[in-house]
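I've put the structures underneath this note.
One chain, chain A, links the two complexes that follow: it is found with chain B in the first and with chain C in the second.
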Partner chain A sequence: MTSTMLRPAKRLHGTSPAGRGSAGRRPRRITRGGVTLTALVAPSILLLLLLNAYPLINAAVQALHNGTLIGEGPYVGLDNFAKALADPAFWKAAQFTLVFTLTGVFGSWVIGLALALLMRTKIPGSGIFKVLLLLPWVVPVVVSATSWNWLVATSSSPVPILAKALGFGDVLFLANPALAALTVCVFKVWISFPFMMLMTSAALSSVEPAVYEAARIDGATKKQMFTAITLPLIARSTYISWILMTIFCVNDFPTIYLLTGGGPVDATTSLVVLAYRVVFQNFKTGYGVAIAFLMTFVLIVVSVVLYRQIRKSVIH
Partner chain B sequence: MDVFSGNSRNVSRRGFLGFAAAAASLPLLASCGSGASGASGSGGGSTLKVWDMPWGPTEYTNAAKSLVNGYSGQNGAKATYQSIQWANYYQTFASAVASKTGPAISSGGGFQAFQFADQGAIAYADNLVASLKKSGSYDDFLPGTFDSLKTDKGYVAVPWQLDMRVLSYRKSLLDKAGVEAPTNWDSFVTVGKALKKIGVIGYGTATGAGALIGEQSILAMMINNGGGLFGEDGKPDCVTDRNIETLQFFQQLSREGIIDPAAVSYTSANLNNDWKSKKIGMGFSVPSLKSSLNETDDDIQIGSPLEGPHGDKGTLYYVNNLMMYTNTPSQQASEAFLAWYLDQMKDYWQKGLLQALPVRKSIVNMPEFQKDANNLKAVKEWQPVAKTFAARSTKIVSALNAVDGGQAFTSFAQQVLQGQTDPKTALATLQKGIESVM
Partner chain C sequence: MSSSTAIRPPATLAARGRKTMDPARGQWVRFTILAVVTAIVLVPVGAVFLLALQPPVATGGSVGFASFVYVLTQTATLQWLINSLWVTLVTVIAAVAVAAPAGYVVSRGRNRLVAGYSLLLFIVQSLPVIVSVIPLFILFANLGLADSLIGITIIYVGGTLSVAIWMMAAYFDSIPISLEEAAWMDGCSVFGSFLRVVLRNSLPGVLSTAIFSFLVCWNDYLIAVIFLRSNDKFTLPVGLQTFFQQNATDWGPVMAVAVIMLLPPILVFGCLSRYFSVGGIGGSLAGQ
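Coming up: the complex of A and B.
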């Protein structure tokens, strides 16, 4: 049998061997195979461009105009972006988006991590618990929001009645601006922790038990093992889940809109809710899309920062 | 072995690519050439596309479809019915109009015709109105309903039903509280206090996610007091003495505990639940509240229009309308269909398929309509004093669509119900918000 490894390399693409005088590189040949592959892949690429690039470019054009849902309107350049950055409503929405995202990401991660660690212990019925704990994430948000509305919205809802019985008086969970913001954030943590639990569970299962064994022999405490072994070894997965949850939180429209509509008095209006209202209630498409682009820009920056952390978190 | 050798392989690959290109081009060819709404071939009658929303239960949609599809006009003109869901209906229409694939005729939201008229998409109904006047049908319409649809360029649509805000109350609760239905603002407070004493919400309302009744009822009371959001010239004019007085009235209701503070975040579902479970004594609502709560007795009744502190009476109403579009196979056919449809729509009220109020006196006088005392009262007592969203102006403009249900108005209503903001400041903020969207 002839081994291909013993044959001299074929110079299929006209490259000169090192050290030889160059008679010029041969141009890369367009092979029939290359044409075939390109032609076969072209429809998929075209579809991707149509579904992604075209709407994005169209949106960018809209952001540069003062249009409505029906017409593009006059060209205004970057006025919509300048208007957003000078608008107190934009900054109020940005502030709430920050609070909502921070509590959503870290609140769900802490609870998800705690439950993932708990599920690793041998407790009776852990299999059933694992399934039940997934429910908040699996149930459609419309159903969850309706349930939470039933639980907290009116004076005769179960939670306000319980709060009154416990001596807290008439608690207006969705009518008081501060409480409405808190309720929305708690709701977000509730529907997000199963995702974090799953991500963390998968990361924990990849940690070698031998590492813990060695640490135990060396006399490490449980706290030391958690901080010095567990957290660093699952860091990569943690950063990835933070990136994903940040994107989910910033872009989350139904969670907020179905529960409070962005109120009361704009207390729970995030940037995406603001963009929706500006486009579909005020009919200012250009301004609304500009808000969405600003939001996207910040998301990209945050994602890049967190991706760098991922690279730094590689343990050798 | 060189895999690229062999003529037979080259031919089959080219053949395959050619086949793939032909297959890909078929959908493109099929999508080309649609043209205007329902243009038939040469020599045949026009087919008019008619879009409508579900204004009533499924039976209404079925009846409307049957009525429209059964139309047979001059020169073989036909009509096809399509039901458009309320969710994102405006976006549906906007896309269709922009791409010239929309209907020839449609029903729509109160300001829709004005918005599309601004875009040049509406066929003005002046010819149709003239023909209705000539035939005498025009006099059958309730006064003021056509005028609300007139612009400087002509009639943007013709009226077909009314949506109004009236004061509803639950008689059993008022009887239990030992009071009669209020007739003016002072007695309103008295009744509210009495209802609160028996553990009932005096004035039920909602300004939460998707609930417009709260802000519309505040405007209804402003109109009741001779105020409104706009001046007679149609420009935003919110900071007026009458409007300030109205907001002070709402502050009084909040202070007295007549308004449930949780109402700020109530959805329509929350509000309806409270009405159903007899937790609310009074509130502004649509005239058909009783039907929407599926009640058949006469416990939910409509009061008479309240007299404001200066003797004014008034409320908010919307003249829902039928509009014609320029994207039609034949404007003549559109007008002929619409004239015919206006005469046929009595069927909806005859069969009890529509809870909205009719605009035609002949329908109001039908025994089937007369047997609903609430609806009759709404038409007889409230419609004569009702004003549109544009009050104090009489001219509706398309930008009102961005105000009604818009962010500024919703936030304003929530501030009013919270009762913590100074009325002048709240109105000034509202005016600024309205000016930014108009």
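Coming up: the complex of A and C.
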């Protein structure tokens, strides 16, 4: 365990009155070497300006024009945004993005939490399990998408054969719109639960066993201990993991694109996939960027709402 | 203190009475659940390795490493591997070299400007790549960097930078400033103390950051597929995807390429899993 891994634990201690107090949490700031500090941070600022700020401003300009990848095109004001909001394809993609994100966040959280709770108890070989269960998060998504393709794509793949043997008939997971959406969501949960497991494990390790001991003396049931102790004590870390996973899901391109390409009949086209297609297949740069901006706007609103929750969730 | 020790023995007895008679049995039940879950979860990973042992359809033959020999000698896989390794190595070194000093400033220089910078990093991180990649593509095309490994390396450095700075800052937070103060007493400059005192004691933080950059870079598909056009410039993710589209049912070679792509992250993860921290990212966010 590195101390970076223990970070959430330290924060919890820092905010609890019984901990070593917030004064010891952070080093005092240094007041000397202003020039050196500026020099140290300068390269990163330069790179961020060139690789993040410039493209962002340029993208904002493009969103106001009807351009292609070659030329900027005529100025059209907010037409691209109005067009997106009136476009059924946009709303369909928004709907799928919502479903994909909600399943991705809560599906992986529930599984990650369950496994983290299970791992907390004494189990032989739990160290090995922990490493093995992290693999879906470590394996490159191109590799796992290839493997999932092998598992589900055609009628001669293992999972459809299994489904047939169980009496479900011929199930084509990636050809049926509803099933394709489900498959992509399950794939996302499979990729993401290890992240949730790690985050939750780190948070759980900071909960002192004495708290449970005290609750047991007071006659609390296991369910009560879970809802009244465990969940509130890991609330901060939970909200953080939700924010991060929401960002990961909304911005996710390869998980969807590599498995289904956004199909069948756009059933798994999320906003990112839609923006990618509009720009790189239909060559409508302005419109594609406008879609991406609308998506980013909603994402930032959601992040801020969840972020406020973090600040509120003080541990007592 | 004395009251809690007085109460503890009956409580433990009561708990033991309420729970299963045999704690070892519960332990093995949980072990079985965990083993089954792990086995199901690992099916797609295991399938990659097993299928890679199939021989190529073109040559036939017995189960073994024929597909690996085939993809390494008959296809561009080796070139893709070299491209991926080059891009990743340069990105990791550059990202750590830029993020470590910046992280030091974020950790130590706590004023409003630095706090604003820290928040800016979070916003940058949450922006979708698709927004910034389009202007960058146009810019890089004009600079002749569109279909080039140097081009995507620069973009990867920019893409990993914000989180890398956070991770370094989170680690530096755990190093007491008294160490630097002692160095300053001895006449060391701020830069000198950063280099010789702080950075020297930050190997775990540097490794975590390096692993993070490595994984982002090695696994990236979106940027590579947008920027790289010619076959000999492909990195492994684009190479594998292209190869898969062309040889969809020839699973031996396809999965052999997948295994080649999978091995470096698994090796890194196996050797350095201690430093593999996602908690660092969340933890530093909590401190904002």
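Quick note on the criterion: the second predicted complex is superposed on the first by the 272 of 316 C-alpha atoms of A that agree within 3 Å, B and C clash if a C-alpha of one lies under 4 Å from a C-alpha of the other, contacts with A are read in each partner's own complex, and residues count from 1 in each chain.
By our rule, contacts are C-beta pairs under 8 Å (C-beta built on N, C-alpha and C of every residue); 3 or more make two chains touch, one makes a residue touch a chain.
Worth saying up front: this structure is predicted, and the values here are computed from it rather than measured.
Colleague: Scan A:43 for contacts with chain B and chain C and give back first, second, both or neither.
Modeller: After superposition on chain A, A:43 lies in contact with both partners, chain B and chain C.
Colleague: Once the structures are superposed on A, label A:261 by its partner contacts, choosing first (chain B), second (chain C), both or neither.
Modeller: A:261 contacts chain B only, not chain C.
Colleague: Output check: A:280 vs chain B and chain C. Expected answer is one of first, second, both, neither. What do you get?
Modeller: both
Colleague: Does chain B (first) or chain C (second) touch A:155, or do both, or does neither?
Modeller: first
Colleague: With both structures superposed, pick whichever of chain B and chain C touches the larger number of chain A residues.
Modeller: Per-residue touch count on chain A favours C.
Colleague: After superposition on the shared chain, which partner residues are touched by A:125: those of chain B (first), chain C (second), both, or neither?
Modeller: Second partner only, chain C.
Colleague: Contact-wise, after the overlay, does A:172 reach chain B, chain C, both or neither (first, second, both, neither)?
Modeller: first
Colleague: Regarding the shared-chain residue A:223, is it in contact with chain B (first), chain C (second), both, or neither?
Modeller: After superposing on A, A:223 lies clear of both chain B and chain C.
Colleague: Given the touch rule stated above, what does A:33 touch, chain B (first), chain C (second), both, or neither?
Modeller: A:33: touches chain B and chain C.
Colleague: Show which residues of chain A both chain B and chain C reach, each in its own complex.
Modeller: In the superposed arrangement, which is not itself an observed complex, chain A uses residues 32-33, 36, 39-40, 43, 69, 149, 257-258, 280 for both chain B and chain C.
Colleague: Of all residues in chain B, which touch chain A in the complex?
Modeller: It is residues 3-4, 10, 13, 17, 20, 24, 90-91, 94, 97-98, 115-116, 119, 121, 207-210, 260-267, 269-270, 273-274, 279, 401-402, 405-407, 410-411, 414-415, 418, 436-437 of chain B that touch chain A.
Colleague: Please name which positions on chain A make contact with chain B in the complex.
Modeller: So the residues of chain A in touch with chain B come to 31-33, 36, 39-40, 43, 69-71, 149, 153-156, 160, 170, 172, 174-175, 180, 257-266, 277-278, 280-284.
Colleague: Okay, in this complex, where on chain C does chain A touch?
Modeller: Answer in residue numbers: 7-8, 11, 15, 27-28, 30-31, 33-35, 37-38, 41-45, 47-48, 51, 98-99, 101-102, 104-111, 117, 120-121, 123-139, 154-155, 157-159, 161-162, 165, 167, 170-171, 173-177, 180, 184, 189-191, 194, 204-205, 208, 215, 218-219, 221-222, 226, 236-237, 240-241, 244, 251, 254-255, 258, 261-262, 265-266, 269-270, 273-287.
Colleague: What residues on chain A touch chain C, complex-wise?
Modeller: 1-8, 10-11, 26-30, 32-33, 36-37, 39-41, 43-45, 47-48, 50-52, 54-56, 58-59, 62, 69, 115, 118-119, 121-126, 129, 131-136, 138-144, 146-151, 190, 195, 198-199, 202, 213, 216-217, 236-237, 240-241, 243-244, 247, 250-251, 253-254, 257-258, 272, 275-276, 279-280, 285, 288-289, 292-293, 295-296, 299-300, 303, 310
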